[in-house]
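One structure, pasted below without further comment.
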Amino acid sequence: MMVIVMEPQAPMEQVSDVLRRLEDSGVVPHMSRESGRVSIGVTAVLPAPEQEVLRAMHGVAEISGVRQPFKLASREFRPDDSIVNVGGVEIGGERFVLIAGPCAVEGEQQVFDAARAAAASGARILRGGAFKPRSSPYAFQGMGLPGLRLLKAAGESVGLPIVTEVLHPEMVGPIAEYSDMLQIGARNMQNFALLEAAGRSDRPVLLKRGMMASIEELLMSAEYVLAAGNSQVVLCERGIRTFESYTRNTLDIAAVAALKQLTHLPVIVDPSHATGRRELIRPMSLVAVAAGADGLIIEAHPCPDDALCDGKQSLTPEMLAEVGNALPPVCAALGRTF
Amino acid sequence: MMVIVMEPQAPMEQVSDVLRRLEDSGVVPHMSRESGRVSIGVTAVLPAPEQEVLRAMHGVAEISGVRQPFKLASREFRPDDSIVNVGGVEIGGERFVLIAGPCAVEGEQQVFDAARAAAASGARILRGGAFKPRSSPYAFQGMGLPGLRLLKAAGESVGLPIVTEVLHPEMVGPIAEYSDMLQIGARNMQNFALLEAAGRSDRPVLLKRGMMASIEELLMSAEYVLAAGNSQVVLCERGIRTFESYTRNTLDIAAVAALKQLTHLPVIVDPSHATGRRELIRPMSLVAVAAGADGLIIEAHPCPDDALCDGKQSLTPEMLAEVGNALPPVCAALGRTF
Amino acid sequence: MMVIVMEPQAPMEQVSDVLRRLEDSGVVPHMSRESGRVSIGVTAVLPAPEQEVLRAMHGVAEISGVRQPFKLASREFRPDDSIVNVGGVEIGGERFVLIAGPCAVEGEQQVFDAARAAAASGARILRGGAFKPRSSPYAFQGMGLPGLRLLKAAGESVGLPIVTEVLHPEMVGPIAEYSDMLQIGARNMQNFALLEAAGRSDRPVLLKRGMMASIEELLMSAEYVLAAGNSQVVLCERGIRTFESYTRNTLDIAAVAALKQLTHLPVIVDPSHATGRRELIRPMSLVAVAAGADGLIIEAHPCPDDALCDGKQSLTPEMLAEVGNALPPVCAALGRTF
Amino acid sequence: MMVIVMEPQAPMEQVSDVLRRLEDSGVVPHMSRESGRVSIGVTAVLPAPEQEVLRAMHGVAEISGVRQPFKLASREFRPDDSIVNVGGVEIGGERFVLIAGPCAVEGEQQVFDAARAAAASGARILRGGAFKPRSSPYAFQGMGLPGLRLLKAAGESVGLPIVTEVLHPEMVGPIAEYSDMLQIGARNMQNFALLEAAGRSDRPVLLKRGMMASIEELLMSAEYVLAAGNSQVVLCERGIRTFESYTRNTLDIAAVAALKQLTHLPVIVDPSHATGRRELIRPMSLVAVAAGADGLIIEAHPCPDDALCDGKQSLTPEMLAEVGNALPPVCAALGRTF
């Protein structure tokens, strides 16, 4: 992969000339604008003479390679932080973002109650599962599209955009109609057809790390989405599988700090799946801020003991409010707002 | 789930009566015939009065529950070994089955050479990838359908049925047209849409264990295929992720013996992905026999050093022949033929 | 195990009566004083009549059992936080404690420079290895007692107590002569003879979690030290082994929060061994504060590139100072001082 | 490290000359005799002029280096298999060796019964724990020396040498008085003082792999024993810790084959601790043979349900006999006797 970095003041027509030249060569350009200058990435390797021509074009400052196996996701391609816009809420900027809501949409009362609790605690995006990936074919598989419509309505009732999981490539379209953000779950992190379908969507994507995926594999999966044309990707650390069984998974908090160094994409943390234990959500939420994460996604339920799934790790409205209250001072200590 | 066990000599019309009664109740019956008697599994829980009616029907010997979370896959449902037929080759019977071939189909010469080497070494099914799941969007993704047609032709040239990987639900149909068996890879073990699509196919399915999946999760994924109506499932242990990095993965050989105790489905071993090291394939092949596996799937390439993927773990034709020569005495010691 | 909880105002002579009665029964009492009341733990199960007698004694409020497998270490035995005193520095109280210093003592200049850098950055205990446990018999094994004397002198030169690792039971005495705290390393977490020897010492003990040890096993190892009579134990999370190889180990930050809930013992974090990467030490230090840890132990070297061991994970004096500067606001946000 | 390889027919006095020259230089020579020629290893790096002198001495064929981090343990130092003699029983030769006995010595009747069952099943060494390393300070810690004396007597009653675990360096001497082989357990694999003490003993050593130790770390620990002067080391794979919880640990069978390629030391398998499940011992025993292991160590108890430890993974005398009956044909298929 190569990056063509334009001069800081290069006028738009010079950028267009370069884009046209690249397209004429049959390669797909990926444009990134930051700190007032434009970079153009191409995932192909251009022949030396063609590089010479490009280097000589007006407005071109330099042409460089990207050594990391992930290209468009790397800080080599884009040094500045990316900001992803989810229905008006920015993830990756100065303001720390809390996403909250139930594991699964179970009914109107439940999801509207959950939405109110989320909003009241300072959450700015509502989460909820309508299509659930379950280990067992006999377990509750979610309410499907009717559930998604309820989630949308619940979000609107409190003014929050929503995020929900998509399981199959062919569902990207129908779900994108209702959902402000598409979640790709841990089990599907290497479902490449799904990554490509999400990459062709214009909805932002929340990509969760597989429970046994390496940091590099997560970035390579993000690269599938980016390479397909969708630059709105948020990564999510949600715990990896280890020998320790006290917690459901092991929160790999160093991965969050490492990702922030390796990629410009926003990174959030899911302490619910990472620990599987309600009593660890609050400290792990503060830990996420300290590690440099851009946000949190937390499971909360009006009545966790009745939840159809993941009740043990879901917060009550009161506990969620406590997390919301605990975040601001830690965010402030890290130079962020909440 | 409940199992309705018929009397050993129950005539077919009594079986039909029970099936009709179940279908009238709106439940889907799964039939299993073994040791001369029929069992009928239903994944729903029938109301007590309905159970009474069934228990009183002619030919019904007993009605019992299945405690394991996997139902149709369990030995509780079906105590006898299942035998899966792949284009005339039986997996799960007395005869141990070797599957061999290249990681990826790369061209006509390569795949025909590989087919000849496979057949010469005693392999009875030819493997080869036409659609490759790759961590990187920039890596070789396989030759696609033209590659699959080459694989089919190569198999026919030496009289071997073929198995190839299917990545998306919508490709199950097109691939089933050419391939005698559908492989679901480790990364897709919990791609439930794919499992269900394979479950609706009439092709046998080779289901590989995810590198992060527990034994129970593998069986639950098999259950998705079985519950969708396809009883022809072969499980494959291919190594799990651990801290040990000398080998690519860690072959969980105890899982093979455990699976043979828990399920009636055939189990095979993939020593190539499990170890990632050519020099360990031969001993791990013998290990598979000793653990009670029903077969092996091994990567072999006419010229591993030129392979487009997985060259380091691919056997040369000579090394594959050595494996073929080493298997018969160990199979014999375990009471099997090769 | 049973806990005899005394009345809040029980005079010392009533406590003495109970202790005498227990000793006469041949059991060893472990006393804990907190929030103005005394608890006495005995690891034996007393016969019912004897329990009756005790319950009737003056000043006895109640007798209860401890269900956790770790007894003296549990919050059931002692609900309040324990504070461990290391040469005048308290670990486990309101003030967060930074321990810093080189992996190994290499010479006078190096260790005095390291001590100055530690003190300048706000560290309050100096660490350094004189006896090094090395995977290879041919690697540098540490300077031994001469190195320990240098470490002691370096600590005194800047007014800091010291902590160093002890490898064998018979070295507990000689090392305790110089060192204010005894470190038991990860590889020795289940070296029970060493735990017992440290338990018979009057020096506080820093017990590191084994890289393969569960949270419960760590607490059981602490129990060995406590049961041998030494109640001054600090636990240290230093990363566990997982499949992820980007970092040297995986910092199990949820274990820190879990330990703070399960035990009254102070808990600190070693981000150096947990990550093995210099650039991750600062964020992981803040993470430790957020998780509720009572302190940090960090490797720092005057010139990491020349270090005889662990150079890649050692901070320069400048980087250590940055950590010292970053800690106060986060400590303050968590209600602690630095 | 360097290896001085002597001419095949070099007379003993030429070997002595080389040994004397090395000792005069202050380095410790390690001698290995195989296939009729002598090799002399030195772990120091000799200066070039000294190498010249040695190369010119009578009887010296060549001087070469060892690239592996483990030196004396490597096949580079000694290409031929080592054979370790345990009270007359050879481990590492053509004959496969079964070691069996109870987890812990519990009393006279139990250990004599266990010894008879072991001998009857074809075991040629008796195992039994007198000093038990237990996670909890409150668990049964073994009978100590009286237990060891019972084990010795039980072994003598059926003509079997014994192996037992040693936990501390200072116990090597007392235990070596009674035991024909010293076991160093998984938790002590990196207890370097213990390794060195065992290295100074003249008893053969059974070194178990730590449950989270890499293959290379196991070999480095063996190197500690070898470098201290004891060349009689047998390695034991006993399962590693992974996310899979169906089995107690995960038997890393590929490590057995890898070790046989990397080192000349004998390798055995402990299927009891590896699986923790009685019903998996038989298949895992056959698996060990197929992987190229030189023997097995299996827990068996006259009455497992009454065992003071590890009952769930202990075989009954009948099950042990079944293993003994199943081994010969598989050994024969691998070209070995039993």
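So that you can tell them apart, the chains are marked A, B, C and D in the order they are listed, and the count of residues begins at 1 in each.
Basically, a contact is a pair of C-beta atoms (placed from the backbone, for glycine too) under 8 Å apart; a residue touches a chain by one contact, two chains touch by 3 or more.
Everything numeric in this text was worked out from a predicted model, so none of it was measured.
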Between A-B and A-C, the pair joined by more C-beta contacts: A-C
Chain of greatest Cα-centre distance to subunit A: D
Inter-chain centre distance, subunit A versus subunit C - centres from mean C-alpha coordinates, in Å: 38
Whole-Å separation of chain centres (CA-atom averages), subunit A against subunit B: 35
Shared-contact residues (touching 2 or more other chains) in subunit D: 212, 216, 241-243, 245
Complex contact set, residues of subunit A against subunit D: 212, 241-243, 245
Touching residues (chain side subunit B, partner subunit A) in the complex: 1, 43, 69, 71, 133-138, 167-170, 187-188, 190-193, 210-212, 216-217, 220-221, 223-224, 227-228, 241
Subunit D residues within the subunit B interface of the complex: 212, 214-216, 240, 242-247, 250-258, 260-261, 274-275, 277, 279-280, 283-284, 286-287, 289-292, 329-330, 332-334
